[in-house]
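Remarks on the structure that follows.
Which chain is which? They are A, B, C and D, in the order written, and residues in each are numbered from 1.
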């Protein structure tokens, strides 16, 4: 395993497109070659050397390459785009589209990430030890190909519409999330360990949304199914009990929404339907 | 022309809102408009008072103050600001001609900027919704001829589109509908507005409850039972009653306003509304249309789409069009403080956007074009006075249903004031020569 | 201190539309836009006269405007302000990735401010935007 | 005076019966002439094919429907972008390219003339705004008249001459080129969410049938001496077994033919060439249609060939589009236009694994191969409905090579493969026939006298492809053919070199063709007073704001005709 470290030389203001920062592209390159890679800073083409210093040695195969990034890279977008191997570790915040279309490998961020983390991701893993923006593991406008595989774990909070049009894999948020987790998802799992602002599972056709914290209300297009003791998320069995709902009926969906009973006394009305079932 | 000349120009297109009335009769005496027949109250203000708060010379900020400058100086300064910028934003385009927007998009290409129109903070959510679901829509005459159910959702046309109801919907007379008595009017709003008072059925909804209500309505339309008794402040019986009206109509339409696009859920509210309308087409004819506010915001979408493929929020910084609202939309770019210069054309974002966003706009090099003095022109570095489109300048506009109307020039603009097209072309040419050098 | 909690809705009104066409710095625009409409219940709690000044405050800012009882049957707990520079002192720039800021249904507090002045647009622009 | 000489190419100019002769083509001031001076710019075409610039008769490239498709399909554009250069504008591509990109991509393939085949008259000002922004090509548009209220009212009342005067007014008002019918009567029914079946269902509340509309407009077309016959998208496009309706539509105007040019053009027949009774047993109706066309000279068609790819379907046939949405589950847009027409959009992915799609693929090719007269079967994809126009070279290869077709056929859905005739068809097009199907025949049926050929007086629109017809065997070397037609070595427009080696080197705005028919004054005035009386009842805009001024077109090219002469 060889490491290469990029340190940001100066503060950034306008967006920087850095899809070249990925082990697949930088592997087997000399530092000189790496520093001359082109990227966009706003409407100017610059070289990596204009904003980064490089330490270490990338002169190894991509599989063995670990890229480290240090600095406030909130404006740096598309790091690890389409990456198929190796790993990236970031100390500091990163911008949008981190690990877009990533297929394999690993990205760790010790800081916050912008929106569209792991959009259209196919495999591999992303860990954010901080907060993430909106549309984690999602599709882009007009397309239905959200995240298909792999896992994204957010230690902090995430924004709205995580797992939008998701088709597989796992998005796990340990903190709070905004509205519409799992909107239009067809497969895979969205796990929200903290509170969710609402509208979980909206228009989902399949897959699983699990909320351990509070969820203000259940959409009218979900029908109550039962109270379950445990819910399985990948290999893990989460203990409940959980209210489980089937939906979104409006989309003829067979998705499952599970909400932890103990965090959600306002959903007690469901229990009247349990009795009806037992009658 | 004699000093006391008087003339009447008919079939004038109104340049206020997306309703696109084109039957105004304008009487001009001594170079002034003295009467606007068929015009609504808002329109009369515009046609009769267009001289209020104008300015006639280009201005450049010097030593912290805006001072008069020659047109060439101002063009030179504007071109310099835009071509030196690494990420300029070119914003507005809703109160100008389609021809001006065409030049604006080319300017954005040339300076490597983001071209965005007011759509982002009016009906952008409807476009994003349509990108997921599609949209079943029509021209306004279809409604006039055929509609027996008209829903206004989060829209208050009596105030915002004063002639909409009479020209196109419940009060209009069409080939297959006699008028009010053959149409049902439904209003969904958080307030009992003046529009709601006209309705046969008014549904008062809790603020931000639109998505829930739409989901419930879709359930009811499918004939599914609602488990919850009250949704978004509306009883399930009432929702079923509404669903029944929608399903049983012969031709229905929902006109939605910013009450739906701005409330919580934004594009997902429209996702649900567009889905509802689509579902209804399995059993009847149903359509939906946004109540576009600015008279040519629709045109800005059309022009931007045919040149770049995308209707708004188009980032051309890398030489090709890229679109991702939330990333490339004006409010987001400004609130992340990313752009380093701006051109604002016929728009007043400093008055109309959240404070922190407006404040940033005042901090960066700013070029404005507007017929009137506004909060935005006051904080600009270069300000061009421009002719009022539809009064002092001709050009085409797209009304809310996409029908194009050609505006006439009725009067000459104040001395030395140029049209948006002329100012933009001058800036474009100057940028071209700067880039070529 | 007397205070009511409301959800603030902003939108178009015919007065705002007409005033806009007369000029953003016109008296008509000021009179029809620098206002907050409340339910009669909330007006009674605040005990301010029609057109009396109130302070409206949200997480994003605060502004003094004139209060009126709504003619559009506002339910208690809902306040309405026309679009414009005064309402925009109070709105949330968050777009949730949609491009659209949050302008409707914002939690706000309204309190009487009879002794304070409603800022004119010129004052707002001069005082609140940075010196160039 | 600008002069250009294209030297030593193998020229295919079917309208002048030139079949691969090695010769020079001279152009002076944009027009083909006998000879030019020694200072003329030289273009060396030795060892290459020279053809007139391509002429596309049916391609949805501009207008409200196309633009709505662009707006709602960001996912179509994102992976196919064009950056701004010092010569060209930025844009996006794939199935619904932006306007500038549309012009560049046609030019790169050697096309110089393209017609937008469906413009809602009321929204045609929009169509022209887009055409003005579509450089490189000459163009025109066909206003939709088959569901127009005035037309249906006049025809029901039997007022044929007044209706003709109205059509003349409409063509002039919209700066339109030909009469387009889409699902005649059926789109009006779709205004109520209803469907018509066949040619003889009465249109709700109008008391007229599709047959009467087709016949009426066909008579009017002949009477007005319009350059192009009525351009018909037949009824029943949404139904299996619709080939019968297609044949019936052709046959319903048979008695109106008195020799000469065909009087009806049926478009994208692939879509209305299905036999069978439902979607399960759908089969090709191409043999029956081809047989009819072979026996009747009053009709010509274009094929609307399917390409196996992700594309965007869009037609004025709103009812069909809704059905396609129900079948595919894909997003659906609908745009009805008052008193005139409708429209719909559904993205669609044609797949080789899909039985129906495979049958569709076969129908298009069977039509092209079974209709004997190449002048009456033209190559289109109904862009972007059956596939983007950028895929034309693929179709050219299929037409020229049985092997190329066979390679695709082997991968088709098995039961579709069994039921299609295509795999057994031997016919292979020659370059001469390709030149007919892509230029000469389309220009001829469009009535464009100066297009589609390289005779004296023709526009100097030339495409040059890197194929040596004396050495190549297109049947085997179809990949070379495909590659050559993708990127012209030269595209020359009115004597100006626009494309060199597949890259745009210069741009021109291109002209817009439209037709101005003259009708007898008294009939015209009678029509006009009726129009003035009813206009405000039918439309939500003022009559004076409806017509589009000639100054609105960037470069107007008017064609005048006189009724009855």
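The working rule: contacts are C-beta pairs under 8 Å (C-beta built on N, C-alpha and C of every residue); 3 or more make two chains touch, one makes a residue touch a chain.
This one's a predicted model, so the numbers in the text were calculated from it and none came from an experiment.
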Legend entry - Shared interface partners, meaning chains that touch subunit B and subunit D: A
Legend entry - More contacts between chains, A-D or A-B: A-B
Legend entry - Rounded Å distance between subunit A and subunit B, as computed from the means of their C-alpha atoms: 34
Legend entry - Centre distance in Å when subunit A and subunit D are each reduced to the mean of their C-alpha atoms: 46
Legend entry - Chain centre separation in whole Å, for subunit D relative to subunit C (CA means): 56
Inset, instruction - Indicate the whole-number Å distance between the mean C-alpha point of subunit A and the mean C-alpha point of subunit C. - result: 38
Legend entry - Residues of subunit B touching at least two other chains: 128, 131-132, 264, 318, 323, 325-327
Inset, instruction - Could you list which residues of subunit D touch at least two other chains? - result: 72-75, 78
Legend entry - Multi-chain contact sites of subunit C, meaning residues that touch two or more partners: 96-97
Legend entry - Topology of the chain contact graph, where touching chains are joined (line, ring, star, complete, other): other
Inset, instruction - Could you pull out which subunit A residues touch subunit C in their complex? - result: 115, 133-135, 159-161, 178-179
Inset, instruction - Mind listing the subunit B positions that touch subunit A in their complex? - result: 85-87, 111-113, 128, 131-132, 211-212, 215-216, 218-219, 222, 224, 226-228, 231, 264-265, 268, 271-272, 275, 279, 317-318, 323-327, 337-340
Inset, instruction - Spell out the residues on subunit C that touch subunit B in their complex, using ranges where they run on. - result: 7, 9, 11-14, 17-19, 21-26, 60-61, 70, 72-75, 78, 80, 83-85, 88-93, 95-105, 121, 124-125, 128-132
Inset, instruction - Could you please specify the touching residues of subunit D with respect to subunit B in the complex? - result: 62, 64, 67-68, 70-75, 77-78, 81-84, 89-92, 96-100, 122-123, 125-126, 129-130, 133, 149, 191-193, 205, 322, 325-326, 331-339, 345-346, 537-542, 544-545, 552
Inset, instruction - Over in the complex, which subunit B residues touch subunit D? Could you list them? - result: 10-11, 13, 20, 22-23, 98, 102, 106, 109-110, 127, 130-142, 144-146, 167-168, 175-176, 250-251, 278, 281-282, 284-287, 301-303, 305-311, 316, 318-323, 396, 398, 402-406
